[in-house]
Amino acid sequence: MGFECPAPINSRSSEKIRLGHGGGGRLTNNLIENVFKPIFSNEYLDKLHDGAVIDLPVNRIAFSTDSYVVSPIFFPGGDIGKLSITGTINDLAMCGAKPLFISLALILEEGFEIENLKNILVSIKLVADKVGVKVVTGDTKVVNKGKGDGIYINTSGIGIIEHNMNICPQSVKPGDLIVLSGDIGRHGATILSLREGIDFEVSLESDCNELWTPVEALINEGIEIHCLRDLTRGGLTSALNEIAKSSNLGVFIEEENVPVIEEVKAVCEVLGLDPLYVANEGRFIAVVPEKFANKTAEIISNVTGVNSSIIGRIQEENKGKVLMKSLIGSVRLLDMISGEQLPRIC
Amino acid sequence: MKYVDEYRNSEIAKRYIEEIWKVTKGNWMIMEVCGGQTHTIIKYNIDEVLPSKITFIHGPGCPVCVTPIEIIDKAIEIASLKDVIFCSFGDMLRVPGSKKDLFAVKEEGGDVRIVYSPLDALKIAIKNPSKEVVFFGVGFETTAPANAMAIYQAKMMGIKNFSVLISHVLVPPTMEAILNSPSNRVNGFLAAGHVCTVMGYKEYESIASKYKVPIVVTGFEPLDILQGVLMLVRQLEEGRYDVENQYTRSVRREGNLQAQSILREVFDIIDMKWRGMGIIKSSGLGIKESYKEYDAERKFLIGHIKVEEPKECISGLVLQGVKKPFECNAFGTLCTPEHPLGAPMVSSEGACAAYYKYKVNKV
Amino acid sequence: MCLGVPGKVIEINYESSPVMGKVDFGGIKREVCLEYVPDVKVGDYVIVHVGFAISKLNEEEAQSVFRYLEEMDKLTEQLGGDL
């Protein structure tokens, strides 16, 4: 082989992402062949076509997309990869759709460790295998050093709906009960504890997890599901407010029924935050007719191993509002949060 | 959590509420001085479960709310400088200055960081010797010893790239200012438990006897507030005006002597401008001459910045308890938590934000 | 103002200046300045504000909020008896 300019990449520098990895040339190809294909190989991806051509077995599908930025990229209980695939799977699951196909788009910052990239992709693959979804198409771009936080991810997903229920806020009826899938606030409290200047020592882990498994169990057991909503940023309160507003009905919950583990409670006390507004990445609420509520909580608890409980009900009164009976017996309004909760001194 | 959960017990709360209903005969205006107490009252909707004869007036005890707009503008000026790392408690970032807030500085590329403790800011200074690290030292008597320690330590360690933009206010002069106001409606005070933890409550004894107004030093949990209210109402009904201590698990009459001594070491008592209330004599703390190299105001020559407050905002009257937040024309319209006009809408414990957030029958 | 949270002292470093230590708040731990609570011992509860212990929590007085009602009850009974 003749002399090449620039000189061939030595093995050291090839461990990091370079601008050329997003350029569509040989480096991009290396990345696909050496990193992506070994992890994700499947009949759709291996064709290396511009898009995935797929046959769907049903007419009703759900389609969703979400982008992920998180700091730190690796955190106790997960990483940005796990977050990015569970996020889209969960959005599909909340439509009652069985997730089947996922697209994966990465924006990498120059200098990002390829080893870290591999670990992130393996996290994605582990969740994908558990749920039975395939990563069928993808894209990678690289931005200059200093123009990104290491890695940003976008995933989109297609899920199929194999039942006749109309799972959405408009299906919610007065008298329905609200079942919460587990204790709240773990993800937000974990991430916050790690920030510079906060520096708590915790054994907390993010609740980051896929929710199709419990939802599928509910569908299979014949639960009549009126609405599902995963709790993400803005916490339980935002999810409940969205349901109250979209259904134009009232939501009433009791604070003592909402489980918060001791460590999450402690992080919130010390920083002056309210766990009802703290982010979650693996919890959801199911709104079901009263006669299905106990069974719903029981199924979720069995499948996830986390205690699920009935936290409240849907009512005619106070349309569009969420009310909560506090620990001391008074009733207060739970409004949406404006912006991010900030640690406060007072 | 131990020493937290037990003070949120609904059975005991119920008994306190019954007791308060029993003893209340007259109409009483009670001011809880501290924003943390306002937060608890609103969050647990305590005023709704008590007799309507008891009215809470939310006092000026929120450092975020009373920090004058001028200081915010000074903070923004410093934070926008190149090679400055500006450290602050989280809730100060959203406080509106005359044109923008510290979040906007961050968005424009300024290095603005949230810290939990002033000592964390000092650590950042040690780690970044080529940068100027400025800490936004706001707060009442409770926070002052922490900020004083950061300044004291910086001097002891000879750290040159650290300074503090200070805005410290003192509670007793403000209570007197409220009592001296011709529009005063306050019959009794729940004094701030953590301020008194540091300063003790001797100073309050002369206020109580001079103005014939009962004062109960009170904690922050629902049961603390309820017990504080019960103790205060009993005094009011019996015509007494003593200083009583509800928060005995933390507050001693003489306060925390170690903390007080470092305050005297680092700070002077100065006349202080309060947001919405103007200048109150001897109501603030300034950095002593002997620590002047740690005073960001002197280090960065920002003394020329002078700002007036927005006219539509009646936060001064709200902070003095003369008006309720919903009596303001801007409340919920021009002024919301997303676009706060005045500081009480910024802090989640500010009277306006607390009303906006928790009130069932809000506008 | 002034969020203050009770936590248990689990470590004290007397050599450091100012005196620092570790406090456990319901399972989470953080470095806290203990300079202002000179008589504090490991196992004591302190009230912490912005990373500083501002008082040693008096564990006996911590019960007073529960005792107060009982004392009031007794008082009412006595008064009732006198009438």
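Per-chain residue numbering starts at 1, and chain names A, B and C are given in the order in which the chains are listed.
Note that a contact is a pair of C-beta atoms (placed from the backbone, for glycine too) under 8 Å apart; a residue touches a chain by one contact, two chains touch by 3 or more.
Source: prediction; values computed, not measured.
With centres taken as mean CA coordinates, the chain nearest to the overall protein centre is B. Of the two interfaces, A-C and A-B, the higher number of touching C-beta pairs belongs to A-B. Look at where the CA atoms of chain B average out and do the same for chain C: the two points lie 21 Å apart. As a whole-number value, the distance joining the C-alpha centres of chain A and chain C reads 39 Å. Between the CA-based centres of chain A and chain B the separation comes to 38 Å, rounded to the whole angstrom. For chain A, residues touching at least two other chains, in rising order: 199, 262, 265-266, 269-270, 272, 344-346. Touching of two or more other chains is recorded for residues 1, 4, 34-36, 61-63, 89, 116, 120, 139, 143, 349 of chain B.
The multi-chain contact residues of chain C, meaning those touching 2 or more other chains, are 1-3, 5, 25-26, 30, 49-50.
Those residues of chain A whose C-beta lies close enough to touch chain B in the complex are 195-199, 256, 262, 265-266, 269-272, 318, 321, 323, 326-333, 335, 338-339, 342-346. Listing the residues of chain A that touch chain C in their complex gives 193, 199-204, 262-263, 265-267, 269-270, 272, 344-346. Chain B makes touch with chain A in their complex at residues 1, 4, 8-10, 13-14, 34-36, 42-46, 48-49, 61-64, 87, 89-91, 93-94, 113-116, 120-121, 124, 138-139, 143, 222, 336-338, 347-349, 356-360, 362. Chain C contributes residues 1-3, 5, 7, 25-31, 48-50 to its touches with chain A in the complex.
Residues 1-6, 8, 17-18, 25-26, 30, 33, 35-38, 45, 47, 49-52, 54-55, 57-59, 61-62, 64-66, 68-69, 72 of chain C are the ones touching chain B in the complex.
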